[in-house]
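Each of the next two complexes has subunit A plus one more chain, namely subunit B in the first and subunit C in the second.
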Partner chain A sequence: MATIKTFFSKSGLFKQRICVIKSCIQQNGMSSYPSFYINPIYKKEEQEQLKKEGELSKLTHVPTRAALNDQTCSFTQDPDLNLFTNYCMSDGKKVLARSQVEQTLESIKRLQLEKYHKCKTDEDRAKIELNPKVVFHKAVENCKPILQLTPIKRGGVKYQVPVPITAKRAQFMSMKWLISAGKEKEKPVRFHLQLARELIDASNNSGRVVKKKQDLHKQCEANRAYAHYRWS
Partner chain B sequence: MLKRPERFIIKCAQLHNSYIQSLHTTVCLSSQERLQSFRTNEENPLNHNESNTAQFYKLLESDKAKLFVHGGLPKSFETQAKTFNETCLMIRQPALDVINCMKNIDYNKPAVRFVLYGKKGTGKSLAMAHILHYAFKQDFLIVHVPWVGNWMRRCKEQSNSESKEGYIDINLDAAGWLLHFKTQNAHILSKPKLKTSRDHVWSKRETTPKDSPLLELIEHGIARIKYASETVNAICEEIKILSNDGKCRTIVAIDGYNAFFYRITRVFTVKKEPVLPEKVTLTEGFLNLTKFDWKNGVIIVTVDEIAIAEKDQISHLPRYLLGKQGFEHLDPFVPILVSNYTKKEVLSCLDYYKERKWIQPYPGLENEVEFVSASNPYKLMKICASL
Partner chain C sequence: MRLLGALYAARTPAKEPVHFQAILPLKLKPVVSGKGGKTSDVCCIYEMSVMFNCFKDNDFNQGLCGKEIEQFQNCYTNHLSTKRVRKEKELKGILNPGEKKMSAKQINTLLARHPNIE
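And now, the complex of A and B:
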């Protein structure tokens, strides 16, 4: 929808009648909700916050979308983890994807606890992170790239040009790499176990995915001479 | 039928025992400093009483190696134990009830049958493990079948019986059980008074003569796998005679007992026809042991939905699971319900998980987990796995 709008505004077609056309074409993409519906506030703390500020009474009678099925008020709910589950999912098999991610968290705990019990001193023990969600967040953070290579055609030749990326894109790439690293394994090894190992490695700033990120950065560094093709 | 018949038995028997019990609790409280309420330092199940409910006690590695090395603890529990670096069992009411009964029943009367029943994942097998630990400490002769489903629904190999026409042997499983029986009772079997009562003739050349030790019979079964199933039946028979003579006190513990009465098994004949459970040679021996025509013994069985096919898992009650035939075989018995966790047990379990660094505490954890799992122990474990 956005592309059609920009196309019309750029080309200058239907300049006067753009409002009429706007009203004809559907406003809100494929959504079944009209655009004035607001997103639900499903976290208890946010609701408390609104209550304190007195904003809640204003929102009471505003039409609200229904919460998605992974948006719960539980303390265990984690938007990043939900996103990760969705990236893991194929063919819409969400139940399977969720169970895989849950098993991954379990495997992380088992692996870390095994290390924990092997440690002799308390100092070593304190170093081991036992919270699987912290491990996950650290891993994703450590795997985020800051640049990527885009092919740009100049003078009939395609150059791999380093370009900075947005935070969202960086997060997506990091998660995608982690999942693909989890899939690269011997057949008898389970996906959740391999993914757990990769996540633990990445949270310690080592392992295959972090290596991949560093390789990409090196490639960007090598191609810095092409950087000006971005704008010229 | 009485609603909680086990309570009734305890009440009857408590009269002469109450003095000792009350004395014991006072000693317990004063001598032991309880730093954490979810854990008890009392590792001996002989001393567990009502005040210990919902507490965890440690199963020592030495005891575990003797009792449960060839199965007996559920697989998921074993992985937890490995992760936690120790094996802890929760002391719960059903197991305590059975133990109390076992302390007080008259062993000169016919053997009492207890049936543990309950919904899936409520801890029947672990209650059984607790009782077995008690029996082990009391020097019972333990006849323990870890899971009948493994024989009827997942047997390793099958062959036609040679001695009985139309029967099927599952010899590898039988030999496995003999090994299990031997390891569990290693210290009792070495006693000289356990002897066979008659000659056991296996073939023209192989016989086990009268008055040879029971251990010899077992070792013969393990060495000659061809005769393992028959050996199991022979041992069951011998145990009955020995207990009747008062030479040993026996506990028969069978997990997933209803698989003996479920018509659809996965044991097949050579022509790939399914075999009825009573046509499996092993069944006979254990059905014989669960009759009440002998004394000096106590019989504890669990009936479980998981031991039968998934399509028939309708109810968890003994009458449905055992069927008419099985119910009449066991009747009269003491039914013992293993129910979901109480609030206290949920809290104790979560405290234990926190102490083992298994879950990270967050506000509202207890309420949420209790609600989501509906206090079912197995579901609780599964939910806590990813926290």
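And now, the complex of A and C:
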């Protein structure tokens, strides 16, 4: 864009028409949509919310982008679980990653049911969560760190400085730790089984990943004296 | 002979002093350059220390420090949003009344409002 502009301005061609040409050339990065196209609202709750507020009628005739492949209001699709699948994926093998995550959910169900049937009293049974998706969400929530250590150089010395992190980053770290814990296993144990165990442990606020999070918090606490060394 | 020597040793009469030449116009520029140092971005130190104290008391069990954690996270999100708003304003050069720290663009808009007297 810039080169075209300089070429035209130097050559003196189309000097008056440069505005017209500018509007014809794509300005929205690599997107095939012009910048005034709005993102689709694909969730039913959001649509109803807009309907209540009376904003929906304003959006009816605004040009809208087509919904992406994973933007759906389906009950079977969980955005966090889809994200987790993508983090599990390596070399673009999505089918494999998806099957592994599905197998993980299945083994969570099996493990929990086994525990459930071993229980003798109703009180113990009530404590066990049988829905694997709920277990997954609980595990991710329990493993989210609050702080992070970043190396900052001051006077030739690198200090590990505790800094707060955003919700998105916390979620990413939690999922990454869970997956890496699933990969740390003996050879005969399958990934999905180990991941299921880790998820169940984390949902009960115990296990290796929660320990890892607490270790990070302890390190942050030890380095709290450097907290004012921050830029970012 | 002695007198002559004394006369030679005496100071020569003072020369005309060096004339001042105004090479650049004698007034300040109406703009400042955009080269500014990075300001430090430390926030939520108090909330962080409160949270750490709570962690230490409860042996790093997060469940018992819900209030402190929430305060800390709210502080951080507030900080991020205020920073974003300030940055947008600074980029556009919109002035905030009563603010002491200003970006180069904001200073330039202020200087343009009150130009030098020609």
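Convention: the second predicted complex is superposed on the first by the 181 of 232 C-alpha atoms of A that agree within 3 Å, B and C clash if a C-alpha of one lies under 4 Å from a C-alpha of the other, contacts with A are read in each partner's own complex, and residues count from 1 in each chain.
The rule we apply is simple: a contact is a pair of C-beta atoms (placed from the backbone, for glycine too) under 8 Å apart; a residue touches a chain by one contact, two chains touch by 3 or more.
Being a predicted model, the structure only gives us computed values, none of them experimental.
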Checklist entry - In the superposed arrangement, does A:130 touch subunit B (first), subunit C (second), both or neither? => result first
Item to check | Partner chain in contact with A:206 - subunit B first, subunit C second, else both or neither | outcome: neither
Checklist entry - Counting only touches as set out at the top, which of subunit B and subunit C does A:227 meet: first, second, both, neither? => result second
Checklist entry - Taking the superposition as given, does A:49 touch the first partner, subunit B, the second, subunit C, both, or neither? => result neither
Item to check | Which of subunit B and subunit C A:180 touches, first, second, both or neither | outcome: neither
Checklist entry - Of the partners subunit B and subunit C, which touch A:77 in the superposed model: first, second, both, neither? => result neither
Checklist entry - Just subunit B (first), just subunit C (second), both, or neither: which does A:117 touch? => result first
Checklist entry - Of all residues in subunit A, which touch subunit C in the complex? => result 146-147, 162, 164, 166-167, 205, 214, 217-218, 220-221, 224, 227-228, 230-232
Next on the checklist: Per the contact definition, I'd like the list of subunit A residues that touch subunit B in the complex.
Outcome noted: 74-76, 101-103, 105-106, 109-110, 113-114, 116-117, 130-133
Checklist outcome for this item: Listed in rising order, subunit B residues that touch subunit A in their complex are 79, 83-85, 356-358, 360, 362-365, 368, 385-387
Next on the checklist: List the residues on subunit C that touch subunit A in their complex, please.
Outcome noted: 38, 40-45, 48-49, 51-52, 55-56, 60, 62-63, 69, 72-73, 76, 80
